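Structures for review follow.
One chain, subunit A, links the two complexes that follow: it is found with subunit B in the first and with subunit C in the second.
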Partner chain A sequence: MESLRRTFRLLTYNKVGFIGLLGVIFFVLMAFVGPYFVPLDTKTKVDKIYEPPSKTFWLGTDSEGRDIFSQIVHGGKDVLVVAFLAGIISTTIAVVLGSLSALAGGGVDGLIMALADIVLTIPQFPLLAVLAGLVKFNNVTLLAVILGVLSWPALTRAIRAQVLSLREREFVEAARALDLGTKHIILKEILPNMMSYIAINLIFAMTAAIYAQVGLVFLGLVPFSGHNWGVMLSLAWTRGAIFFKDSLWYIMSPVAAIALFQLSLISFTRLLEEIFNPRLRTSV
Partner chain B sequence: MSTVQPAQEEAPQKTSSWLQRIWRNYMLRRVAAALFKIWIVITLTFFIVRLMPTNPIDAYVNELMDQYGFSYEEAKDQAAALFNIDLDSSLWDQYVQYMANLLHGDLGTSYRSKGTPVIKMIAKFLPWTLFSVGVSLLISFTLGILLGMIMAYRRESLLDHTLSALASIFSAIPNYLVGMMILVFLGVQWKIFPITKMRGSMSPGMKPAFTWAFIKDIFYHALLPILTYVLTTIGTWMLAMKSSTISTLGEDYITVAKARGLPERRIVTAYVGRNASLPLFTQLAISIGFIVGGSALIEFIFVYQGVGQLLLSSINTRDYPVMQGVFLVITIAVILANFLADFVYGWLDPRIRI
Partner chain C sequence: MSTQEAQELLSLHHVVMEFKVSRRATVRVLDDVSFSVKEGEILCLVGESGCGKTTSGKIAAGLLQPTSGEVRFRGQNVWTADKATFRQYRRGVQIIHQDPYASLNPTQRVEDILSAPLLRHKIARNRREAHQQVLDLLRTVDLTPPEDFIKKYPHQLSGGQRQRVSIARALTLRPQFLVADEAVSMLDVSIRVSLLQLLERLRDQMGVAYLFITHDLAVAKYFAWEGRIAVMYLGRIVEIGPTPQIINNPQHPYTRALLSALPEADPKATRSKQRVHLRSLDVPSLLNVPRGCSFHPRCPLFEEGLCDGKVPELHAASNGVQVACHLNENEKVAA
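Entry: the complex of A and B
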């Protein structure tokens, strides 16, 4: 009981971060559990086009009289899955290549850094726009892989720098003197000390993946259909929803959903920083 | 050292000495690395672009059938008349041909706008991207540095907290969503800006000239993209400058400057400002590349005729030479920005001057 209370106090210590955590939980629940409770409204109702929010239509109706709220609930899953997968892929590549680069040194180091340099030089978004053409209809995994494989270089450099500095610390030297082996030193000494950095950068990688994927879907470069915040945005745009006063809710609902989710993620990193770094806490 | 070495090894060392001299010269090494990177990007994009599903002819045939109701045969004849490109020659031959042309400064001609040299199209679109992005960066960088310093001097005040919150909110929201909100609220709902009139990079019939009317016109048309870029990038500068200023204020030379009784204005500008803004210049280079690359979304939203729009239309029509030209230009922009940042850094910080 005491430990539970302490955990709670730790979580609520940073208020902005805690709100971020609640936001993230809310969106995850809405995207994965919500669809079981809110049925998707697919029936065209000509007499109910662009209705304002009401008790039946919480966020109003779209250009065909369908409920916007149900589309928002059903449209989150793809976005979240792609973001999470892309984040995991790019962070894993960065951690592996960064550590390898720092520990192996020499030619391997030079090669990895040169590769990172080149990938950083290629204009990211235009390259994604071209590669998006390879994504087949509604293939969430492939999109995540493409996003993840292109966004590792910056973090790789940072991880390399961290490992280089951690490697010289006393506790690593002690472990080396005790002959605990490379595997132990990497997994038990160096990696735990980078965990907070890695976790926070995973979140940043997720926000970058959301930026890119929604942007690509919005421009119509990824052949996605169905219910996805990016598709909603794209449809609202092509149907000219920005130009009518009544269609405000149609275009603003996906905008708000994406923006709020991004904000929640960014605020959540502040909480992570404090949980992982006890030196930032003043009292718990 | 060389006295111990056997005599045979001295000959190969001499032949490669000019290579070593290039290697030792920092500037030359950077230029060589830059050229190498440009070549890699050209090669990669050449093949990636051609790997895309649907080739230019099919894209055109589909467009004719979808938009103008052509039958497949009609559309195919029409396409065959428009394109006299040989997509059947081997990819390698095409690549060698492209590189040879490129060395003569020839970027090829557009498939779609038949016969228009790619370089002409880029010359038409690129200035607008550079103009809007350049002005935005200038505004957000200077304003961000100023506000960041104010926040550092008045830290923990109401102003600091408000600006910090706004900065984190605006840098967390994707820039195209901010652009959309500007369009929806300022343009449609509250009718502050006549957005349909502000489309394009200048008013129809406007002649580029160094006149007040022209300058006013291009700023008017670029106003909303610039506002979007500034709003979404200024937060990063503010927060970075704030933390940099706070750490600079703790330096010994600031205490010494104060002890010497230097006027406060001189301390703020020459001592704190100059030193605290240094680390931001390297970030500036990275952000130039990012913004130019991401301009496609903003230019699409505001119908602004920049290089991003050109890229999008060339992707949709599979206009390979144009796509590659745009890639090349953006890559060169990124590399030049890096050079510029190094140069500015060296100029601002005499400690690292080479």
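Entry: the complex of A and C
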């Protein structure tokens, strides 16, 4: 009970961060649990085109008279899955390669850094456009893997620099004198000191993956498979939704969903900072 | 504690330490440094900043491998010894760092910091036993009541308290030898004395020997009165001997200069004290160490042809003092 209360106090310590966390939880619930409660409206209703929000259509209707809200609910899952997967893949690669580079040094270091430089040089979007022509991106996991594999180098360099600096610290030297072992030094002495940085970068990698993904779909480089905020945006665009005042709800709904989710994630990083850095919280 | 029959615990033999500063150039930070410390003995290493005190400490603690020369622990060369012997040495020698703000991991609580070595080396069999031992350790270093400290993060403690935690951590493996690298230099004077008393108590109770590194001769005098002092200058030991001898009757001109800069408690004594006038106040760069006796450009007793030719070796002077000075080789330098 006491520890539950402590956790709660820790989570609410930063107000902005806590609101971000609530936002993230809201979107996750909406995307994964929502579809069970809100059936996807696929029926064309010619008499209900571009209706404003009402009790039946919470966010109005699209160019074919379908409920926008149900599309938003169903369109989140793919976006979120790709974001989480891509973020975790790129962050894991970055932490492993960055630490390895710093600790091994020599040729391994040179090789990893050269590889990072090459990947950094490749312009991501054109490459994705070319790849879209070669591979079918209809698989969500594949898209996440490609996005993840392309976005590790920047964080890898930062991690390498941090490990290089941290391993010279006196507490690491003391751990060496105490013969605590390499595993302890990496996992218990060095890693916790980078955790807030890694967690925040994970979130940033996720937001980048969302934009990359939505962008690809929006440009039509990824085949429209299923429902997805990017697909909605692209459809709204190609149906000329930006030219009609009535269609504002159609195009703005996916934009708002993406923007609000991104904002929640970014606010959430404020909380992460405090969770992983004991120096920032004084009262808990 | 009698040091007569005590056994030699740790010694450095002709240790040279060089660091690469560029592709071609190396800098020699330690040049032919030898000393030994017996069980329960205090050896104080004094000298200006940059003279190689900390490097000597790290070599003694096994954190740096010397370029050449030997480090012996209980008579065995630790860098050629088998793993088990090295491990024994590693655990038997611990270090206390200067900066209590940098030497404790900010992400760990006091309990984590102290219990990790206890659990790793099976000194405590389980968490509960470790918890008890952590409480005992905190009591040993006068952090009482220990329950108040055990859940704290380092940033919640004061400098003196942090340094006590850092001493407690060094004690977890029950070492026989502690390298205290400027361990009290960053603390307030009021806290300094109580910490020095703590270190002395550990020596009396647990028989811990010290390599006590400091730039402050007053601290050295206070802490190592029963032990010995080694004075370092530019990577060499220039004078080594029992503390009272070094303080009252310094042989090397550099030691004299250091002592004459030390204020006395009595202002009259301070004013009447004879200052040694150095010929230069700049410490030469280690990249360009003067030929012969490295102190000769600053030495007030400099004799041309003698001092700038050959490097003086440590040789026995009076009362167990060894000194590296040409002018001292045949006769005592006139006071």
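Just so we're on the same page, the second predicted complex is superposed on the first by the 275 of 284 C-alpha atoms of A that agree within 3 Å, B and C clash if a C-alpha of one lies under 4 Å from a C-alpha of the other, contacts with A are read in each partner's own complex, and residues count from 1 in each chain.
Going forward, a contact is a pair of C-beta atoms (placed from the backbone, for glycine too) under 8 Å apart; a residue touches a chain by one contact, two chains touch by 3 or more.
None of the values given here were measured: they were computed from a predicted structure.
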Three-chain arrangement built on subunit A, subunit B and subunit C clash or fit: fit
Which partner, subunit B or subunit C, touches more subunit A residues: B
Touching partner for A:124 - first (subunit B), second (subunit C), both, neither: first
Partner chain(s) touched by A:210 [first = subunit B, second = subunit C, both, neither]: first
Which of subunit B and subunit C A:192 touches, first, second, both or neither: second
Touching partner for A:184 - first (subunit B), second (subunit C), both, neither: second
C-alpha centroid angle, subunit C to subunit B via subunit A, nearest 10°: 90
Which superposed partner A:25 touches (first subunit B, second subunit C, both, neither): neither
First (subunit B), second (subunit C), both or neither touched by A:263: first
Subunit B versus subunit C - smallest C-alpha distance in the overlay, whole Å: 8
Contact set on subunit A toward subunit B in their complex: 117-118, 121-127, 129-131, 133-134, 207, 210-211, 214-215, 218-219, 221, 233, 242-245, 248, 251-252, 255, 258-259, 262-263, 265-267
Touch list for subunit B against partner subunit A, complex: 37, 40-41, 44-45, 48-49, 51-54, 168-169, 172-174, 176-177, 180-181, 183-184, 187-189, 289-290, 292-294, 296-297, 300, 311-312, 315, 323, 326-327, 330-331, 334-335
Footprint of subunit A on subunit C - complex, ascending: 61-63, 87, 90-91, 93-95, 97, 99, 102-108, 112, 116-117, 120-121, 153, 155, 166, 169-170, 172-173
Of all residues in subunit A, those that touch subunit C in their complex: 169-171, 173-181, 184, 188-189, 192-193, 195, 276-279
